[in-house]
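Taking it in order: structure first as structure tokens, then the write-up.
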Amino acid sequence: MSNSFGKIYRLTGFGESHGKAIGGVIDGVPAGILLDLEEIQRELDRRKPGQSNITTQRKESDKVVFLSGIFEGKTTGTPIGFMIENEDQRSRDYSHIKEVFRPSHADFTYQQKYGIRDYRGGGRSSARTTASIVVAGAIAKQILKEIDFQAYVHSVGEISLEKNYFELDLSLTETNAVRCPDPDTANKMIEKIEETKKAGDTIGGEVVCVIKNVPVGLGEPLFDKLQARLAYAMLNLPAVKGFEYGSGFEGTKMKGSEHNDIFLANGSTKTNFSGGIQGGISNGMNIYFKVAFKPVATIMQEQNTIDIDFNETKIKGKGRHDPCVVPRAVPIVENFAAMVLLDMFLLDKTHKI
Amino acid sequence: MSNSFGKIYRLTGFGESHGKAIGGVIDGVPAGILLDLEEIQRELDRRKPGQSNITTQRKESDKVVFLSGIFEGKTTGTPIGFMIENEDQRSRDYSHIKEVFRPSHADFTYQQKYGIRDYRGGGRSSARTTASIVVAGAIAKQILKEIDFQAYVHSVGEISLEKNYFELDLSLTETNAVRCPDPDTANKMIEKIEETKKAGDTIGGEVVCVIKNVPVGLGEPLFDKLQARLAYAMLNLPAVKGFEYGSGFEGTKMKGSEHNDIFLANGSTKTNFSGGIQGGISNGMNIYFKVAFKPVATIMQEQNTIDIDFNETKIKGKGRHDPCVVPRAVPIVENFAAMVLLDMFLLDKTHKI
Amino acid sequence: MSNSFGKIYRLTGFGESHGKAIGGVIDGVPAGILLDLEEIQRELDRRKPGQSNITTQRKESDKVVFLSGIFEGKTTGTPIGFMIENEDQRSRDYSHIKEVFRPSHADFTYQQKYGIRDYRGGGRSSARTTASIVVAGAIAKQILKEIDFQAYVHSVGEISLEKNYFELDLSLTETNAVRCPDPDTANKMIEKIEETKKAGDTIGGEVVCVIKNVPVGLGEPLFDKLQARLAYAMLNLPAVKGFEYGSGFEGTKMKGSEHNDIFLANGSTKTNFSGGIQGGISNGMNIYFKVAFKPVATIMQEQNTIDIDFNETKIKGKGRHDPCVVPRAVPIVENFAAMVLLDMFLLDKTHKI
Amino acid sequence: MSNSFGKIYRLTGFGESHGKAIGGVIDGVPAGILLDLEEIQRELDRRKPGQSNITTQRKESDKVVFLSGIFEGKTTGTPIGFMIENEDQRSRDYSHIKEVFRPSHADFTYQQKYGIRDYRGGGRSSARTTASIVVAGAIAKQILKEIDFQAYVHSVGEISLEKNYFELDLSLTETNAVRCPDPDTANKMIEKIEETKKAGDTIGGEVVCVIKNVPVGLGEPLFDKLQARLAYAMLNLPAVKGFEYGSGFEGTKMKGSEHNDIFLANGSTKTNFSGGIQGGISNGMNIYFKVAFKPVATIMQEQNTIDIDFNETKIKGKGRHDPCVVPRAVPIVENFAAMVLLDMFLLDKTHKI
């Protein structure tokens, strides 16, 4: 297992969906930073279940408790230990999957790899573990006060924004349940999710993240380029199938003469197909990237599958699940990006004497 | 700087485009493996410049010299040091960029981050550094004999294969200069590249990599999921703008009921939208992923830019550059993937007593 | 800060002396191991304060609570999160050191390095943090069932055992408060500590650790030799001033012809000046090492010192402190050694295909 | 294998005694530092064989060649690759140990661990590999210009300096072949070594290292305390059996009231039993530590041993070996310490925003 992320600013997480608690230790926290603990809780609340009727109805207050590393309101440079209790440990909900592998879940691979698994709610493979990322990211945001992180839902199934991030009013993102900054598209997305939910099905979607006011110089070539750290982070999120930044996959169709970002006299560039990163290092322009989330695997329909002894059987989702993961993914993507940038920010300090 | 990749099987690279040599140290090599050194050189030859008229005409024999770690033909478990001399050190080619930032290159960001840069041929930011990845990957392939790695060009600009990997005869990949397994599409791609080159321009493209015969259990959740390690690797390659695996970005449009891979009685799955990885761990099905490469930034056309003092100026590419990077990217992607899989393979051994 | 130890079996700790709790996350735990949780608590009880009249009278039950990673009594391969609440948070005891630097403590250096410090009980620099090491080590011991770890007190001040470990009956170690396996010497040591305590003073001492039944092959040259990992661990313990293994400092006076351990036909050696490690790798013989602990810095006598503004002032220890650290250090040394050996044991598995 | 040392300033070494070359890659080098390459070579010359009649007569010019990372005389922040060719590859010297395990060497453990070994000259276990440490340390010294590193021989066998480092004129260290700053003692040591050599035997000794002008704040508790990093480094050197700093093993006999270093009004301390480190962090006082080296295992006398099939046999050292390792260990200890301090210096920069 590999439950640490970050080279200097480093989260080490623990916890299963239906264990006593999830949480983690954040090491490498710069000292002397005044933290707004309520703001951290607000970020967690953006992720928590049950916040609207298009998310899972699991009941969790998701209150984070800090156990160390903060003294008289400030970071001391010592590790921040924290935990979030699992209140809703309805383990009986999961007895039906004790000996059955749910399709496209981690049940089969965990069982094969470790020879044992905590089957309750997916155990360690549950998306519940992403709450720890939000905590570490929310702290990173407060340390990188000048940098602005804004994620939003770009698409739900076939319903997609037609506009680029700079054509949108990102202050509207939090005004609707689906977290799409375009109100009309947001309504269509919500409708789509409700309709999908009613059918006992789920649907995928995309999240875009924009990072503004990034200092020049973040990223560590050759093997910790800034885009590589971001992709590494995002592909570790449950349900993520793809990552692109700047011109992304569309950029493969362009010519060099179209794609090159011409420098202006102030060091900025006329266009930004580079997505704010050149040679693996931030160039001061806006960073933007897109993350693809597949449809949630748990559906309220009967599916064929096999049990732990490879006998054929059937399974049907029970309980309270997200019909679409992207609205709750928005704060996760945003805060994970903040973790990455703070890590690269701190590492960059080591290049000068 | 961060010039190591891998947790157990670990390449630490060095070298600039026009320095004495590039090379590296590979640590964590399992002991007692008989190596075919000529096969490693063959992999390097697939990457080397000047191999066809659609690649750069830079002259480099790219002969790898092994300095340690191999005794009587076998690995000893000690680190393998190796180097590749830079024969074609025509530094005068680059005097025109000494004080000018080439658009969409790493010149600007390296200068700002480090306050100094080796401007000759891009220095450390040169794609020449990927030769070390090929060496480490070629050794990994020989250690993971059972696993089959096959990459190919999926698209060049708008010209794209319409077929999935399993509908193609991948044994044809090396039969043409562009490394596309469909001969007709290959011809169109080659034509496109030649036409682009004639116009003094460059073009992007996509590479698909397929990995067959992967054992179940590779990948280390939560933060070293197999897909995350692959994305981390690929986004560290020069010019890469995106990564997707399995259903990828298209999968975001699907419903759970369509996307779920139903288990068969033998533990395999009916479909493979998961791309051979579930919960971050290989499930034994084929792994496949796609990598997006932007057009090469060096074009033979005049462009506006700025110099090191932020004065406006003009620049025009000189010398010998690839009009399209994907044909030479094929062995790099393939071998980098092999590095990742071997690393995860070795790490997986630590979970059992 | 650097609060993780271990490369595969890895403890990441958190917590301050008078915060809510101390604890940690243990990653890299092999899966499927049945754990005896009471045995872990027994190891903690060997370390806890107040166990005899020659240790600090601080009141802490030191009950460890496991938060994750154990399912139906067994390890699952997921990280084990745990915490130990700080019950005795008598912060008022420490108001007198809020603005004063205690001599030979970490107050001055923490304040200078971080610009802030949790002064209550020494904060993160408190030896209380070693409880987390005991937890991680106690689990390691259960995983390495075959290996036998035995530490004991070798000296207190000038009172020292004259015998080597193999001349002692180590089963007697736990029969007295000072943890010295020779009853007569133990009595003298206890007397010495009581006398020192009465004088408001403290005294140093040495701990020896013996590891029997070690498999051949543990240790990772060049830079993670087994002795280097052990020294690295031990020198991280509060109050430790030195480490030696095998012949140690005395060995410097020997000739090669005396010091060389002659091989016997079964692969063992006639003598064991090597201390069970050759070339950084265990050779199957007993490993033994000695650790030097300085006298505790907190004394019940008035001392000159300076305050946070560098004004001269006086200070006198208050509260409940150990007059000699070695009796409680025994389980810490022993369990830290177990952490190191398990880590090297798991890493060694990666050398073979 | 674990062939990297350092967290930010990081050497990754390669090479065997009788392979083509030894060398390494140094990553994390701060940018813009003007390097004196001849000074690096001078440090290597202090370590090289054949420099006097009390060291091995192996012939190696030990010329370091830099392959990357230096441009127009300055570091660029990219990794410094370097190598030192093995000129004297007299492999025939070693045919007699191909199938025999030399007592107290690494032959047995390497063979058992890896199932294969490069037996020529000890392969990777040869002390020849320490040349790479000298290169990395010599660069570190030039980066940490203000800090003063001075090691010297404290004892050879029973012949020992009676004085502390501050009672010696350390500028005399390099005036004699044994590198002891007291001329009379030096003569006795040289005599002792010559006498030992004549008898076909070897002898151990101790090296003291003093580091002056260290900034306050270096060291990363809990698990990378400055003394722990130093011990970790030193115990990785061939033949090292022990490490102590400050009061060391003698300090265990002291009382707290004697051992505590009383602060003076300028923040310095009256005594320095702490050895310049408190709570794992440098306090600005001189750092000093002592390292114990056992006698070299290769002796020119016949010894009983076993062969690779565990048959009893005899062996006698051939060739050119050091009768005592400490004179050549002086520059290794000194430069390894410089590597450690630079690493901690760079890491310390990450604690402030």
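Think of it as A, B, C and D in the order they're written, each chain with its own count starting at 1.
Note that a residue touches a chain if its C-beta (ideal position, glycine included) is under 8 Å from a C-beta of that chain, and two chains touch if they have at least 3 such contacts.
Given the structure is predicted, the values throughout are model-derived calculations rather than measurements.
Superposing the C-alpha atoms of chain B onto chain C requires a rotation of 180 degrees, rounded to the nearest 5. With chains reduced to the mean position of their C-alpha atoms, the one farthest from chain B is C.
With centres taken as mean Cα positions, chain D sits 46 Å from chain A. With centres set at the average Cα position, the gap from chain A to chain B is 26 Å.
Look at where the CA atoms of chain A average out and do the same for chain C: the two points lie 39 Å apart.
Within chain C, contacts with two or more other chains are made by residues 1-4, 13, 28, 31-32, 77, 113-115, 124, 347, 351-352.
Interface of chain A with chain B (complex): residues 1-5, 7, 13, 101, 103-110, 112-115, 124-125, 129, 155, 157-158, 196, 201-206, 216-217, 219-225, 227-236, 238, 240-249, 251-267, 269, 273-275, 278-283, 292-299, 301, 303-306, 310-312, 347-348, 351-352.
Taken together, the chain B residues at the contact with chain D in this complex read 1-4, 10, 12-16, 19-25, 27-29, 31-32, 65-69, 71, 74-81, 83, 113-118, 123-124. Residue ranges of chain B in contact with chain C, taken from their complex: 8, 28, 30-33, 77, 143, 346-347, 349-353.
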